[in-house]
Every structure is written in C-alpha cells, then in structure tokens.
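Heads up, the next two complexes both have chain A, just with different partners, chain B and then chain C.
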Partner chain A sequence: MHPFSYTRATDTRQALHAGRDGGRYIAGGTTLVDLMRETVERPRTLVDISALPLREIMVTRRGGLRIGALVRMSEAAAHRGVRALYPVISQALELSASAQLRNMATIGGNIMQRTRCTYFRDVTAACNKREPGSGCAALHGVNRTHAILGTSDDCVATHPSDVAVAFAALEASVHLMGADGERTVPFADFLLKPGSTPNREQALRPGELITAVELPALPRPLRSGYLKVRDRQSYEFALTSAAVALHIRHGVIREAKVAAGGVGTVPWKLTAVERQLIGRRPSDALWTKAAEHAADGARPLQHNRFKVELLKRTVERQLRIVGGGK
Partner chain B sequence: MSIEPPESTVSPSEGYSEGYSEGSSSAPSRRTFIATTAVGSAVVAGGLIGGPSVFGVEPADAATQAPPTSSVSVTVNGERRTVTVDNRTSLLDLLRERMGLTGSKKGCNAGACGACTVLVDGQRVNSCLTLAVRLDGAEVTTIEGLAKGERLHPLQQAFIDQDAFQCGFCTSGQIMSGVGCIKEGHTGSPEEIREFMSGNICRCGCYVKIVRAVEQTAHGK
Partner chain C sequence: MSPQPQAAVGAPLSRVDGRLKVTGQAKYTADHDIDGVVHAVIVDSSVARGRITGIDTRAADAQPGVLGLISHLDKPALAYRDNPGAWLDPRSGERLHVFQDDKVRFLGQPVAVVVARTLEAAQHAADLVKVSYDAEKPSTDMSASGVPENDPLPPQNYVRGNPEDALASAVVKLEGTYRLTRNHHNALEPHATIARWDGEKLTVWDKTQWTVGARDELAAVFGMSAENVRVISPFVGGAFGNGLRTWPHTTIAALAARQIRRPVKLVLTREQLYYGVGYRPAYEYGLRLGSTRGGRVTAALHRIRAETSSYEHYVEGVMNPGQMLYATPHVRQAYRTVPLDVNTPTFMRGPGWSSAAFAIESAMDELAHETGIDPIELRLRNEPQEDPVNGLPWSTRRLTECLRTGARAFGWHRRNPKPRSRRDGDWLIGMGMASGIYDTLRMQSEARVRLDADGTALVQASTSDMGPGTYTSVTQLAADALGLTMRTVRFELGDSTFPPSPPHGGSQTMAGVGSAVQDGCDKLRQEAIKLAVEDERSPLHGVDADDIVVRGGRLHVKSNPARGETYRQLLARNSRTHLETRGTFTPSGDDRYSMNAYSVTFAEVAVDRRLGLVRMRRMLGVYDVGRIISPKLADSQALGAMVGGVGQALLEHTATDHRDGRIVNANLADYLVPVNADIPDIKAIYLDGEDLHADPIGVKGLGEIVKVGVAPAIANAVFNATGRRVRDLPITAEALL
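What follows is the complex of A and B.
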C-alpha cells in the first residue's frame, strides 16, 4: 500500500474543498482499502466523509424514497420503508457481500465500487481500466465471469453491484454535490459503459460527492424482487441476476421494471423485456416470451457463452416469482 | 499481498512536543518527523474552516520520507488507548502487531474470509479492511474482550458445547460474527443463520456445528 495522508471532513463544505484539491473520498472503504493494498488504487490523500450528515432514509414528497449516500447497506436492507416499498432493494442488498461488509459499506460507495475482473486487480496484467492503453487481458483470457452486454474491445469487465441493478430497474436518480452546487443525474447516465475510456466509470465531475440515491414513486401495488445466480449459494458475486418490479392491475401488467446484473459492463436495463410485458396478462407463456429478449445484443466471449441462456432463464424465473404464473 | 507493520513506535506520552511545527526542522529524525506530522495534521483539522489550501500538504514520498502518521484514540475491550499509527495500518494489524491482541486472525487480508471479524461500535466488521486511522473515538471489542473474567461469553461456551471447531483458526472470527448475528436478530432459522454467517469461512467444515452453537446461544437450545 502506498503512503497517503488522511483527513476527516466534519462537514460537506470541507469535504468538497478537499475533493477539489484532489483528495479521494472514503466512506465504508471496503473496496478502496482492498484495492489500495493491491496497489491498484494509489490515492495520495484520503478524505474521510463518514461523519457527514448523509445517513438518512426519507420518503420524498412525491412518494419515492431518498437513501442518503452514507446509509450502510445493512441499514438500508433492514429499513422498514425500503422493505415495504421496494423489496427488490432489500433483497439485492441482503444477497450482496457478507454481513460484516454490509455493516461497513455504504449506498454511495456501493454504486462506486470497482469491477472484480481479476486482471483489473492484478497490477502485472494488461488492463485499460487500470492503465489506459495497456490492453485488455480479459478479452482473450479467462473471461468466464465477464460481461456479454455493453462491452467494447477495450474492456469486458462487469459492474459488480447488486443493488445498482435494482436502482437501474427502478430508474433511480443520483444526487450529487460539487463546488458549483447540486445536480441530479438519472441512474442510467451515472454509470458509464467502457467504450474506449474504461478508466472513466461514472459521470462524476472532479471532486463531486454523491449525497443520495432517490427512488421514484411508482404506482401501487408494486411487486418486486431480486434473483441472484452464482457459483456458490452465498457471499459471491453474480453470474447473472435479475431485478424485477411489476405493477399489475385488473389482471394486466401496467408497469414493468426489469434489469440484469452480472452480465453487463453496467447494470443492464432490459427495456425490450419490459416492452413485451406492458399491457399483457401474466402467464408462464408471457414470461418465457419476454425473457427471450433478455440477452438481445449480447456479445459473448470464449468462456462466458453460458451466460446468454442463463440470463434468459434467470429473468424468466424472476418474472414468474414476482408476477406469479400458470 | 504484503504485510506492512506500522513504522512508527512513538508512545503518546513522548510524541507531541509543542516545539515542533511544520517545516521548522530541516533534517528531521524519524521521531521529530512523526511529531511534526502529528502536529501538522492537527493544524489541518483546525485550518479546514479557513479554506482549501490546507489540503495541499504533500504526502510523503515513500522512498525518501517516513510515511504519514496520525494519532488515534480508540477504546479496545474497555481500555482507552492512544497510539500513533502509520495511516496505512489496518485495525487488524493495530490489534495484532501493536496491542498484542492476536486472537483476531489474518486469513485473506482482503475481506473474503471473516477470520479478522471484530465489533466496532457494536457492529461486526472486517478489521483487515478497516483503517485504524479512521477509528478515533471508536469502541472495539475483540475475542479477548468477550469473556467476563473467568466466565466465558455464552457463545464461546456454546462453541465448546457443540464442538464447533477443529483447527480453530477461524473460530475467533466465527464467534465475533456470531455475536453480531445474534444481536442483529438474524437467527430465525438455521437457514437464516447460515446466510448471515456466510462471511466467515471454515476450511475444516464445521458449519453445521457453528450454526448449532449460534442457535444454542440465541434460543437456549
């Protein structure tokens, strides 16, 4: 681990000053400290933001939910409002990491977490994300766990978060604060596909701070849930996952929010699947037909072809779990 | 993965001479350097209100200078300790290398095995991923602080009753995690215990008995 200076911000203004001067924010630190130890991350200054007042979960005036950036994953998962309004979020959180890590890691940090691509973590390997222009060892390497959607010739790494998949499905927005004031970015625009600049992962300006993630009010009743498929039953990243939320009224699907994880360079919103569902009546046949579109546009690699079929089945199963079926 | 024991060994009683200030010493010894940066960081904390320039403090170059350090006051098993740490020091290394509390184990040093689990402010966390420098004012409980005198914590006793370990390397982490699991109320069924204890790996495969030990403690059975 490279040496770094450390400072603790006691209010947001201090944090932003330090961020503007090139300080790196640290919240839960579960990703950052790990990667610093691997010398993948080499911040010269850490700005501890854990004392900032960003730890509230509030119902918004419009009837959505605003989760402060420093709310711990375990706190969000256990929150009564989250559990009642958005089971897909509490489930995604509880299927992530371990209880210890969830006690440390924050919501803001979770969506900032970096890929688990083994080549990214190995400083001796070529990686355009870590070292722009050095190449991508995963492209023709051991790429079983890598992405099939949103990839480029420069990067095929997945975004590892589960709750970000739920955020993408529900069309959340990210509240940001910078030296120039506050702004809100749709979640779909916050995480960036790699393209030719895989080192750029978020639409953050230098020194900008995440203050909250907001979930929009959705028509009720809303059924939702998260399904995660992985190599072991617990404490493992997703091979595939599906976040599904359905608003069904008078036997007809009026709203459908679907996204997939473990398969994309960013959480992958499945608009083609959603389109198949809206206006139709729940049935096994519908789930199968809609899920056929889950891997539209997929570009599998040598070792992850299985993800195409696995993704379709994951989405189909989760549609059935959430929407019921015959 | 390298283990980096902290560089500094300054005890709190001798480390904070008022005589040092940033830049006043042209050829600092390690000790004066540490004192200097300790005073310097106090200035940083105080100076923040004034403006951003205080963050322009250059981090030390590892090749030529001692790495930056900070003073931290942390309560460990009920005893308040003030130590100066290299900023890179993990809580796990602080406990094991500086405080002689070797019950918490270093398995993966990457948050993947749970052997280092301790309670910070009552919450179970991975001490290997916790920077000690961030713990000013925190309360830490390790396996050494669980028993009350000669009386074992009920979960320690349950691990013995259920024969819930073989080699024992993961056990302190399992027990600390189990204490957290019980406190969080995730003991409704063996399945729930298994899921909420999944952050603790046991190479000997004592999982069934570990779950029983947690159940015994949570429900007295």
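What follows is the complex of A and C.
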C-alpha cells in the first residue's frame, strides 16, 4: 500500500471541496481498500464521505424509488419498499458478495466498483484500464470469466455488480452533485463501455459525487426477479445473470425490462429481447424465442465461448421464472 | 498387565484446545510475540524463466524504517549441506537455494527480501524494489506439444503379466485420458516464520507439520549442528501436506534475522502461497482397461504424466492404487514427470492415491455402464484375495463390507442405472460411488510421559496438530492408559526439543505417536503399580500387579475397587516428585502383511439440465480404518475431506497463463473452494474394528483415505444424472451445457 492522507467530510460542501482538490471518495471501502493493498489504486488523499446525509430510501410520489448513495447494500435489500416494488433489486443485492461485505458496501460504491479482471488486479500484468497503452493481457489470456458483449480490443473486463444489472434493466438514473451543481444521468449513460479508453469507467466529472440512484415508477402489477448463474452457490461473481421485470395485463406483456450481467463490459440491457416480448402472450415458446436474442452481437474469447449459450439459457430461464410457465 | 477400562477413547469428545482456538488464545506462528521483532517481506520474480540483470533498491532504501535488503547480489553464505533427514524431499534434483545466483526458475521465486521496523514499511519498500530481468519464454504447460521430450528422466515402470496381450484379447475394452488440474492447499493460516538468533543458537517459530524435519533442514542449510536449532509450532491452522517440507521462506526469515541481527517475522501473502510453497500437481492419466463380459478386469494399462519443477523431480504414490485396488492379473504402468518452469509440487491430502482414484474409479464406473453390471457388484467381482503386488495377505481389508454397508445406508437400490432417468424440475438427479485405498504408514516414534505428585500428567512429543485433533486424541489415549480423567492430562506437541516424531502427514500420527504415548503411559502405570505393590505401607502391598487397574487417578484391585490408593498418596508417601517414562513405537517390518485403509464414497448430485450447474444433494463415506480413537474428530476429518473433494471435483483449479507462467487466480476470491451453501447433508460411517497388525492401538490412518475417491464418486454421479462422462477436473458448467 502506498502512503496516503485521510480526511473525513462532515458535510457535502466539504466533501466536494476535497474532491475538487483531487481527493478520492471512500464510503464502505470494500473495493478501494482491497485495490490499495494491491497497489492497483494509489490515491494520495482519501475523503471519507460516510457521515454525509445520503442514507435515505424514499418512495417517490409516482411510485418510484430513490436510494441514497450511502445506503448499505444490506439496508437496501431489506427495505420494505424495495422488496415490495422491485424484488429484482433485493434479489440482486442478496446474491452479491457476503453478508459482511453487504453490511459495509454502499449503493453508490457498488455501481462504482471496479472489475474483477485478474490482470487489472495484478500490477505486473498489462492492462489498459489500469495503465492506458500497456495492452490487454486478458484478450488472449485466461479469459473464462470475461465479457462477450461491449468489448473492444483494448479491454474485455466485465462490470462485476449485480444490482447494477437490475438498475440497467429498470432504466434507473443516477443523481450527481458537483461544484457546479446537481445533474441527473440515465444509468445507461453513467457506466461507459471501454472503447479505446477503458480507464474511463463512469460519466463522472472530476470531484463529482453520487447522491442517489433513482428507479422510475413502472406500471403495476410488475413482476421482477434476478437470476445469478455461478460455479459455486454463494460468494462468487456471476458467470451470467439476468434481471427481468414484466408488466403483464390481460394476459399480454405490456412492459418488459431485461438486462444481463457477467457478460458485458457494462450491465447489458437486452433491448432486442424486450422487443420480442412486448405485446405478446407469455409462453415457454416465447421465452425461448426472445432469449435467442440475448447474445446478439457477442464477441466470445478463447475460454468464454460457453457464455454465449449460457447467457441465452439464463435469460430464457429467468423469463420463465418471472413470466410463468413450466 | 490388566487392561485399562476404556473411558475417553471412543467417546465423542470435543477438542481439548477448542476453547483456545475459538477465543483467539491459540497462538499460530505469526501470533507469537517476540521481543524486538522486525518484519520481512519477500520480493518475488515477475518472470518465470531467465536471469536477474539488476535490482534497484534506491527507492526502497530511502523509506523510513527500512533496516536492510538481501538478494543474490549480497552473496549470503548458506551451506546447503545435504540433509539425509529430508527423506520426504524429492529424491532427484536439488532444493531451491535462495539468493545464491541470478537464475529465475519460476514466476514468484524469491529474488530479494526487505526488512523493516513495521510490516507496512516492509511491504511498501518491497513494492518499490525494481528488479530487471533478461527473460526467456517459459514452459509451464505440461499439455503443450514438445514438452515431454524435455524430460531427462526415464519413467517409473511397473508391469505384471502380459498386459498388451490381455488387452488385445479382452472382450470389453475402454480407453480414456483423465486430466486433473493443479490444486493448491489454501489452508486458512498462511505459512509464516519467526526466526531469532541467540549467538550460535537459532530458534524458529514455523508453520510446520514436522518440527524435527524443519530443525534438520535449517541445520543443513545454515551448516550448523541440529542441536543448535529449535523449531516451535504448537498450532497449525490447516496444512493438508504443505507443511511437511521446509520451504525457502523459512530459510529467508532465518537468513534475514542473522543479517539484521534482530528477530524477524515473515508471513507469506495469500498470493505468495501459490508460489512459495507446494501444490497438488496437474496430471494427465491415460487408462486402458480390458475386461470380460462378466466385468472381471483382466488388463489395465496406465500412462501417467505429472508436472514437476525444473530443479526437483517430485513423485508421489500415484502408481499404487492401480496395482492393488483390484485383482487385475495384467497391469502395466508408466509414470513420468514433466519438468516445467514452475515451483516444485508437494503432498496434498491423499497425494497421488486420490489422483489415481479419479481415473481408475471413473473407468470402473464406465465399465459398469458398458457391461450393464451394477458399479458395486462390479467392484465385488474384482476384489483381490491377497495383495496382487507381492502376494501378501491383507492385515485387514474390509472393502466389500464398506460397499455393502454403504449401499444399504445410502439407498443405492434407488439408483436407476440408466442415465438421465431421474428428474426434479429443472434438475437431473444422479447417484455415483467410488472406492478408495491408502496405505497404512507407521514410523518410529517416541514420547515422554510424566506423572506429577499432584496426580496430573504431562505427555510430550514433537509432533503437530494441523487440524485432525492430535491434542485431543492423544490425550484420550493417555488418559485411559494412565487411568486419569481428560482434565488431568496435558499433551504438549510442536517443539523439536520434545521426543522425536515422524512427519505429521500420511495419516500416521495416531499409529506412531499414539502408540508411543500408549507405550509410555502403560510403562508409567506399571511403574506406579510396582511401586505400590512393593510398598509395605500401601493398601495394595502384595497384590499381583496384573490384578490392578487405575481409574480416576486411583489404583485399585480390579475385583475389589475399595482396596486401593491414589497416585497422589502413593507418590507423596514415597517422597517422589514425579514418575517419568519414555514411550517408543517401532513398527514391525512390512514383510508379513499388506496394510491399507479403505473407503467407499457415495454422492448424489443434481445437474441443472439447461444451465449445466452441478449441485451436491447428499454424500456418504464408509471407512475401514481400524480403530476410531476420537469419533467426533474422525467425523471432522471425514466431513472435511468430502468438502475438499467437492472442491476438487467441481471448483478448484489453479489457472496459469502459460504465456508468462503467471497464476491468474492466486487469491481466494478467484480460486474457488466450496462455501457452506455448496455442501449438502454429509455422513460418515466407520466399520467397527481394529488392525493390531498395524500397531498396538489398532489404527490404520484416517486423514488421507477419506479424501481418496470423493471426486470420482461425484463425477460418476454426474454421469448417472446426465449421461456425460467428464474426464477433466473440475467439472464446470461448460462441460455440461
């Protein structure tokens, strides 16, 4: 670990001030501290934002949800409003990490977490995300867990979050605050695909702070759920995952929100699958047909070809679990 | 000598050191608080093959708190004498010498060590050391083309009968190549060493399974007398075989302490545990079987390849099961090690035997399927009457009982031999089984037993307790043999100044150390009895010594418990502060019996028919291991090994990037071991009995055999569930989609 200084912000203004001067925000610390120990992250200054008043979960007037950036994963998962309105979010959170980590990690930190790509986390390996221009060791390396969607020749690392997949599916938005004021960014624009600049991961301006994630009100009744496919049953990142929310009225799917995890450089919104579903009646045949489009555009690597088929089957299974069928 | 009443032995007692462990009072190596200790951190090579061309230490030296840095540039004087005591080390090749030259033999090889006042300063300074290399392309993949031709050593061969002819004329023929990936031990406690020099004397606190082995190796490396080295290791937080050898970091800690003239603590990082110590080698195991239509295996041809390092040829007992598990008349085996630019492999639970069992027991399951014979019946038909290798009778071999008992207890009759015939929603359900064998090792052992005037006893041996519960089971033996309660007997271990013990590995600790303790306690009890019957003032005066037993610290006439006295009374009256004896165990020669432990493991799995995920539903192990001294701890061993087997079968895989020899999952987030959610209902059954040919206490060893056969039982269950015969471990979703 490299030496660093540490300050604790008591209010938002103070935090933004320290952030503008190059300080790195830290809340639960479950990603950043690990990476500092590995010397992947070498911040000069840490600004602890844990004391900021961003720990509220509010049901919005229209029936959406606003989750404060410092709400712990475990708090969000257990929240009655979250459980009632968006089971997909509770499930994604509860299938993440371990109980200990969920008690520390925050929602804002969760969507900021960095990839599990082993080459990124090993400072002696080539990684464009960690060291722009050094190359991508994963592209032709051991890449079983890497992305098949949204990749570039410069980076094939997956975004590791589960709840971000639910956020992507539900078309959440991210509330940000900077020295110049507040703004809101659609979730789809918040996390960036690597392209030729994999070191740029979020659409954050220097010193900007996440204050909340907002889920839009969706037509009710809404059934939703999250499926995580992984080698072991707990405490592991997804090989593939699917977040599905369906609004079915009079036997017809009126709204479909679907996204996949473990396969994309960012949580992967499956618009082609959604299009197949809307206006149709739930059936096993429909789930299979729609899921056929789950891996559209996939670019598999040497060790992760199986993810193409596994992704389709994961989405098919979760459509059936949420939408009904045998 | 009247047999002692059995009270503690066979009782399901909890660990005597359990409270210390759960309250954090048990001191593992890095926990020892040594006055004036400073901290060492190893800088390891980032290339797998080549030469070190420069070491820039300027930034590191400038860090506050840094006390020194050692590399090959300092030419540290180390004797590296031959160590005839290191019989566990590979017979061929030479151990890694630290900091003696500029050659890099594997990625992760120690190239320097930084010592600083604090751990943080040492870690940071180690990060700042810049090492430059003249790197060459490494060879780390035993499956790559061209690799076998590099092997300078001829293979080990075994042959009986005419295997080629027998195979050619066999009615049923099978052929398969089984690939077992490299596994790492991943014990919770990292390997660690604290070294302190007091003049010419070296004291080392070390994570080790063999204190006297570590003592002898340090003496050989530093060119000193073994009497001047003391190794202390009272608690070991899991080792699974990786603490049997003395690894380079132990030398480095002692070297740094000598150079800096301060006690030095060195703890390997989790990542360094993938390079700095050993691992279970990867195997390619080609097996051809020939059989009659009735399932009698007539021919078995084994072609075995395993990885090793470029500097040592590590071999293990992978050939044995293929020679003696079944009565096969015609057998050929060739076992070759493939030298690569990697560190040397080592023993890992069920070493060799469990790797062979995966191939053999998978093939037997395939043969059962091909011939339409039930897998259990098939094994019964191939049961040998004597050891086929040497014609010796078995001391005890109750494998058929294990098969029958297990089949009943597991509900084997409910298994449908037709694959894919049982379903539960999206899950395909399958059952599988596999047999196992592991030889009963026994070695010379000694123990000191002392009974104090207060009526408590102290027993000492230099052995270890890496988790199986040596503290507890030896105390149970001693308590009964001395006629004392568990609370009044203390067993101390883990110190090379205690009476010598063999390596705490190979399932031999109870057989050797237990028998030596039994002997010492018997002698001491008899000495006390003799003292009493010859003492005119004793109520036992004149009684036949053979009629006296001891219970609860009181000696009495067996048929008349009222007549007697306590150890305390006896010793006080005779003005004795204590009685002391030395127990020994010397194994009888191996020439009369073939001695082995046996297992049958049963597994029921569910496989998601679309997603390819394998989930365990039930497991059962049935064991012929002789006498069970400590049933609760035996269960810990058996259940733990089945959990380890789930890891080997479904999860564990050391993944190397062969472009540069880097292990890409050298951490516990990416190297998957089972978590609680992966583990189903597990049970263990031990056949009641003992093997007195093996040793006086009748044990055959437990810790290794419980691992042998677990992975093939699971793979066979996967076949029964899906119809897919997976020959590569671990079995992951992509093999079953």
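The rule is simple: the second predicted complex is superposed on the first by the 325 of 326 C-alpha atoms of A that agree within 3 Å, B and C clash if a C-alpha of one lies under 4 Å from a C-alpha of the other, contacts with A are read in each partner's own complex, and residues count from 1 in each chain.
We take it that contacts are C-beta pairs under 8 Å (C-beta built on N, C-alpha and C of every residue); 3 or more make two chains touch, one makes a residue touch a chain.
Predicted model only: the values in this text are computed from it and were never measured.
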Partner chain(s) touched by A:H2 [first = chain B, second = chain C, both, neither]: both
Touching partner for A:I111 - first (chain B), second (chain C), both, neither: neither
First, second, both or neither for A:T124, with chain B first and chain C second: second
Chain B versus chain C as contact partner of A:I253, first or second or both or neither: neither
Touching partner for A:Y235 - first (chain B), second (chain C), both, neither: both
Partner chain(s) touched by A:G141 [first = chain B, second = chain C, both, neither]: second
Chain B and chain C footprints on chain A, overlapping residues: 1-3, 233-235
Chain B to chain A touching residues, read off their complex: 1, 4, 41, 44-45, 48-49, 51-52, 55-57, 59-62, 67-68, 70, 86-88, 90, 109-111, 114, 117, 123-126, 129-131, 133-134, 136, 177, 180-181, 184, 186, 194-200
Footprint of chain B on chain A - complex, ascending: 1-10, 14, 17-18, 20-23, 26, 29-30, 33-34, 36-38, 44-48, 50, 74, 94, 97-101, 103-104, 233-235
In the complex, chain C residues that touch chain A: 46, 120, 123-124, 127, 426, 610-613, 615, 650-651, 655-657, 659, 662, 664-665, 669-670, 672, 674-678, 732-734, 737
Chain A residues touching chain C - in the complex, by the definition given at the top: 1-3, 39, 116, 118-119, 122, 124-125, 137, 140-142, 144, 229, 231-236, 239, 306, 309-310, 313-314, 316-317
